[in-house]
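In the two complexes that follow, subunit A is the common piece, with subunit B as its partner first and subunit C second.
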Partner chain A sequence: MININDLPGYDDAAPLLEVDNLCVTFESFEGEVAAVDGVSFTVNPGETLCIVGESGSGKSASQMAILGLLSTPPAMISGSVRFCGIELVHAPQSTLFTVRGSGVSMIFQDAITSLNPSLKVGFQIAEVFCARTGSDRANGRKYAIELMERVAIPDASHRVDDYPFQFSGGMCQRIMIAMALALNPKILIADEPTTALDVTVQRQVMELLKSLSKNADLALVLITHDLGVAAEQADKVMVMYAGRTVETGLTDAVFAKPYHPYTQALLSSMPDVTNNFNRLGIINGSPPVLTKLPEGCSFRPRCQFAAPMCRLNRPQLFVSGPSRASACLRVNDIFKKKSSNV
Partner chain B sequence: MFEPLLSVKNLTKSYLIPSRGFLSKPLKLKAVDGVSFSVAAGETLGIVGESGCGKSTLAKCLARLVEPTGGQVRFKQRDFLKLGAEDLRQARRDIQFIFQDPYSSLNPHMTVAQIISETWVVFPDLLPKKAWRDRASELVQLVGLDASDLDRYPHQFSGGQRQRIGIARALASEPKLLICDEAVSALDVSVQAQVVNLFQDIQDRTGVALIFIAHDLTIVRHIANRTAVMYLGRVVEEGPSEDIFSNPEHPYSKALISAAPILDPNIRAAREIINISGELPSPLERTAGCKFLSRCWKASDICSSLEPDLERFASQRGVACHHAGIGAYRTDKKGK
Partner chain C sequence: MVDLSKPLSPTDVDESRQVQLGWNDYMRAILQDYITFFALSFVLLLIVFTLGADFLAPHEPTGLNLRDRMLPPGSIGRGGDFYLLGTDELGRDLFTRLIYGARVSVSVGVLGAVLSAIVGVTAGLMAGYHGGLLEDIVMRLVDGMLSLPSLLVALFVLFILGGGFGNLVLVFLVLHWMVFARMARGLALDARNSAYVQAAVSQGCKSGRIILRHILPNVMAPILVLFTLEIAVLILSEASLSFLGFGVQPPDASWGLMISGGREHIRSAWWLVAFPGLAIFFTALSLNLLANWARAITDPVQRWRWLAKRTKFRKSK
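This part shows the complex of A and B:
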């Protein structure tokens, strides 16, 4: 097995994950569609980054592109993704094989369909471990039990021989997490890991992810559309809209005082304990179709602050405060002025 | 005497599941198990609970889309369950359904005008054919679409717009009761709020009563006057939403409400999370006593032998727990 340290470009001092100007485009009948358009972020050890956005905002596509899970063609990927300095975009398959699992691993929304229904869960958990370390089945089984205990599956030594259908949704998600942890990755990308789960089970899985990131120094990239989950889990958030990052920053700061009209509108449209008796704030219209993006800022047609200048060009993400960035041209007019009045 | 629009007593729906053995008796699965509540005209009742707790079966029983196996449903002063086929058909114009999935609940071969007018095809005495088009265009405008959308097909609309079409269709027969089964859960966050507000507008304008079923607690809290919490086919707690959410009595509602993610860091810091172990047990495993027993931290001897009934306490609250209301409510009740 090749170690990550032996891969070309490996650098201990480099950030754990550095994504720079990542673009994912697809060819369609109506021309090229940019699912992800110039996304950049970094993830440090032990940190939880939450990517928030609606369906079609490019949050999943960007993460799939990081691990090279999109087949090219039809996807066209440009930009740079470096894991510990190792370039992953257009990297040879051997590099990706090494990094997947032991460097970066991923869990998906629908755990039950992500598991192979005809194989015992223990075998599925240990499969990648056996393949990579060359250990035998008996060892793999032992290791699978260990991992299942780590993700708090009760009675692991018996359940290791069960099939996925014998587990509930929450338990299947735990099995997926165990599988993803098999090679001790440094980053876990979780794509809507709790969306399909019930509230009480969602809470259990959220607590599990939190304890893993705390105890194992595991960096988490959490993709979600649920702002509540993001608020509770994340150190940093990144809000995406129509393939672009519209705002980034530390979670509490962003949710307390958003610097982008989209984030602000999204927050006011959530019923919360505090605004219970008021009407919900609404965002007019619906998310844009990527083939027919409006000119200028893509949020412009739905934005209550839109001005003629917003039509001219698509705003870039720029620094708008301490570790904050916003892609709104009018950020100073709208948000900063308000705060000085208060 | 004042009678609510809809009153449900002891409603039960059970299914027979063939068991493994050749001669053994089939197992009985009680999807809805003795549920009682009432809805007044213009009121919104929220029903929350996790998947598999019988919310949707209950909703379908109310419209008799599935036939309940027991209990009573009175709707508009009539025994709804005893209506014959033609009477039921007529009665259903007053009970309309809005479904979760806006993509599969509209016929792709019909234009919006046809989808909405279908109601008047079924109930021809409701509206003369000449007026169909005008009324349809009024309805689409009521739900926030344009009259020019009438000749378009469902695939030309986004999810939120389709849900609006579904609402317009439901309103075509001027119902007294709308049953919304997870009507907003398939929508994007920014669109969800539009539809929730739309429901409130429509209710203000037409005085329709809503039964709002959802697993998203914050939305139910926002929209519903009263809330019922279901667990394994039973209503474990019922009462005014504000009471239920700010001061839940049943251990399950406590756990459920505390598990919901909270945005505001200050409120989040004050909250105490109650983690309940395990997941929903199989509804087939028949145990005497309380259904929440296996996950409850308050369980005692009585809970394993006697299933608690929904007992009414002060302020129209009902709780089905032997340990609920140890404070004021309980002494109150004993005193009576």
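This part shows the complex of A and C:
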């Protein structure tokens, strides 16, 4: 078994996950579609990064590309993803096999279909552990029970031999999490882990993820379109629109005072118990078709602050405040002025 | 807020096993389904006779008895021997030869199907999962081989290699693995994009493990159905090849060979052709019916329907 430390490029001092100018393009009948267009971010140990955005904004595609889960072709990936200094984009399969599970692990939206229906959950949880460490089935079973207890599945020692269909959705997601934790990864990517669950169970799963990241120093990359979840869980937040990052920053700062019209519009479309249940804000129009992106800023057609200058070129992300960045050309006109008036 | 240090309440645990069906329910359902019951009993009987031929056969399979030649079914020979299905032109007991013939026919069919399933499913799953050049090579080979006239190839190969059990199985392997490969590829293509395979990949499973542990168990049901059908097809082809004299060689008995031998005496001794013919017919029919049944009960929804029609639901506890 190869350890992550033995892989070429491993560097203790490097950030845990460093994504630099990641692009994912797909070949289609209408030309190339950039699902992810130049996304960069870093994740440090124990940190929680939330990626928010509408459907089709490239949240999932960027994370799948990190783990090399997109089949190439049709996807074309460029840019750089470094896990502890190890380059993952176009890395050899052996590197990816080693990093997946023991370095970066992933859980998915629909836990019930993400579990193999014809295998016992205990076997599935410990499968990779057994394969990597060469331990036998009995040991694996013991380890599976241990992991199931860690994710708070009641009566784990009996349920270890059950099949996925005998569990509810929330329990399946716990099993997925246990599976993902089997090799003690340093980063867990959770791709909308609570979308298929009802609210109370959602809450439990989020609490579980939070406690895991606290206790095990596990970095979380949480993909969600639930701003409430983001506000509560994340240290950092990254807002994506049409394949690009439109705003990043520390969660509290971004949510308190967004520096991009899209973030602002998203926040105003959330019900807020403190403002007398006023009408919710809406964002006019719909997300752009990726083959026909508008000129200039992709959000321009839906933006209430759009000006002629927004049509000229596509804005890059630039520093707009302490440890935060925005991709709005008019950030100084719109947001900073308004705040000084107040 | 949920306190995670405590176990969750029982309402959080899914209780999906409320109706439990036991062995008895299945037995009762089988007895109610006459057609399947017939097919299953015929195949079981065939297996018993095939395995226990040495104990169950009343006579020697190659024991000549020229005094009792061409006796019709149910007659008693001069030595006092009873011949259930009559005797052939050399005085050999037809029933005994039918049993020993079953041994050859069934084992050629099963062995041929097993080998072609192993080769075909392996090739198909790998082609479907990996895609790319491997898939192109395997699938074009499959297309090419499926376009060959199989009887002609079989005759040609057996003419060069000579007949006999081993060569027959080899020819069946070469001519039938494609059927499995094609199906397995389609199933693998479907499974490759499923969420559970993706989850396994993201957990760090290697491709061999994913194919064997994650995809294979989930695509087993349709392959099993095809396997059952293939046995029937192979038994039929063995019969035709042996009939043409390219399969099993005398003095070994096989159903096709027996029909071919009885053909000359069809005017005077109909039973020499009729009984081996019926044996082939019922075997193929039973296997086809069983395949149908297997398809129904390996699919959870269909199995439920099949059982519900024939059993009363019993709630346990």
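To be clear about the criterion, the second predicted complex is superposed on the first by the 339 of 342 C-alpha atoms of A that agree within 3 Å, B and C clash if a C-alpha of one lies under 4 Å from a C-alpha of the other, contacts with A are read in each partner's own complex, and residues count from 1 in each chain.
Just so we're on the same page, a residue touches a chain if its C-beta (ideal position, glycine included) is under 8 Å from a C-beta of that chain, and two chains touch if they have at least 3 such contacts.
These numbers were taken from a predicted model, which means no experiment stands behind them.
Asks: Would you check which partner chain A:F305 touches, where first means subunit B only, second means subunit C only, and both and neither mean what they say?
Replies: neither
Asks: Contact-wise, after the overlay, does A:Q166 reach subunit B, subunit C, both or neither (first, second, both, neither)?
Replies: second
Asks: Between subunit B and subunit C, whom does A:Y259 touch in the aligned arrangement: first, second, both, or neither?
Replies: A:Y259 contacts neither subunit B nor subunit C.
Asks: Under the stated touch criterion, which partner chain does A:R100 make contact with: subunit B (first), subunit C (second), both, or neither?
Replies: second
Asks: Does the superposition put A:T113 against subunit B (first), subunit C (second), both, or neither?
Replies: A:T113 contacts subunit C only, not subunit B.
Asks: I'd like to know which partner A:E207 touches here: subunit B for first, subunit C for second, both or neither.
Replies: both
Asks: Going by the contact rule set out at the top, does A:A231 touch subunit B (first), subunit C (second), both, or neither?
Replies: first
Asks: So, does A:F83 touch the first partner subunit B, the second partner subunit C, both, or neither?
Replies: Neither partner.
Asks: Quick check on my understanding: which residues of subunit A belong to both its subunit B contact set and its subunit C contact set?
Replies: 168, 170-171, 201, 203-204, 207
Asks: Taking the touch rule as given, give the residues of subunit A at its contact with subunit B in the complex, in rising order.
Replies: Listed in rising order, the residues of subunit A that touch subunit B are 54-55, 168-171, 198-204, 206-207, 225-229, 231-232, 252, 255-256, 265-267, 269-274, 276, 279-284, 286-287, 302.
Asks: Subunit C touches which residues of subunit A in the complex?
Replies: Checking each residue of subunit A against subunit C gives 67, 69, 71, 97-102, 105-108, 110, 113-119, 127-128, 131-132, 152, 154-155, 165-168, 170-171, 176, 179-180, 182-183, 201, 203-204, 207-208, 211.
Asks: Of all residues in subunit B, which touch subunit A in the complex?
Replies: Against subunit A, subunit B makes touches at 50-51, 158-161, 188-194, 196-197, 200, 215, 217-219, 221-222, 242, 245, 255-256, 259-265, 267-268, 273, 275-276, 279-280.
Asks: Flag every residue of subunit C that touches subunit A in the complex, lowest number first.
Replies: Its residues touching subunit A are 1-2, 4, 7-8, 10, 12-14, 16-17, 131, 194-196, 198-206, 209, 213-214, 217-218.
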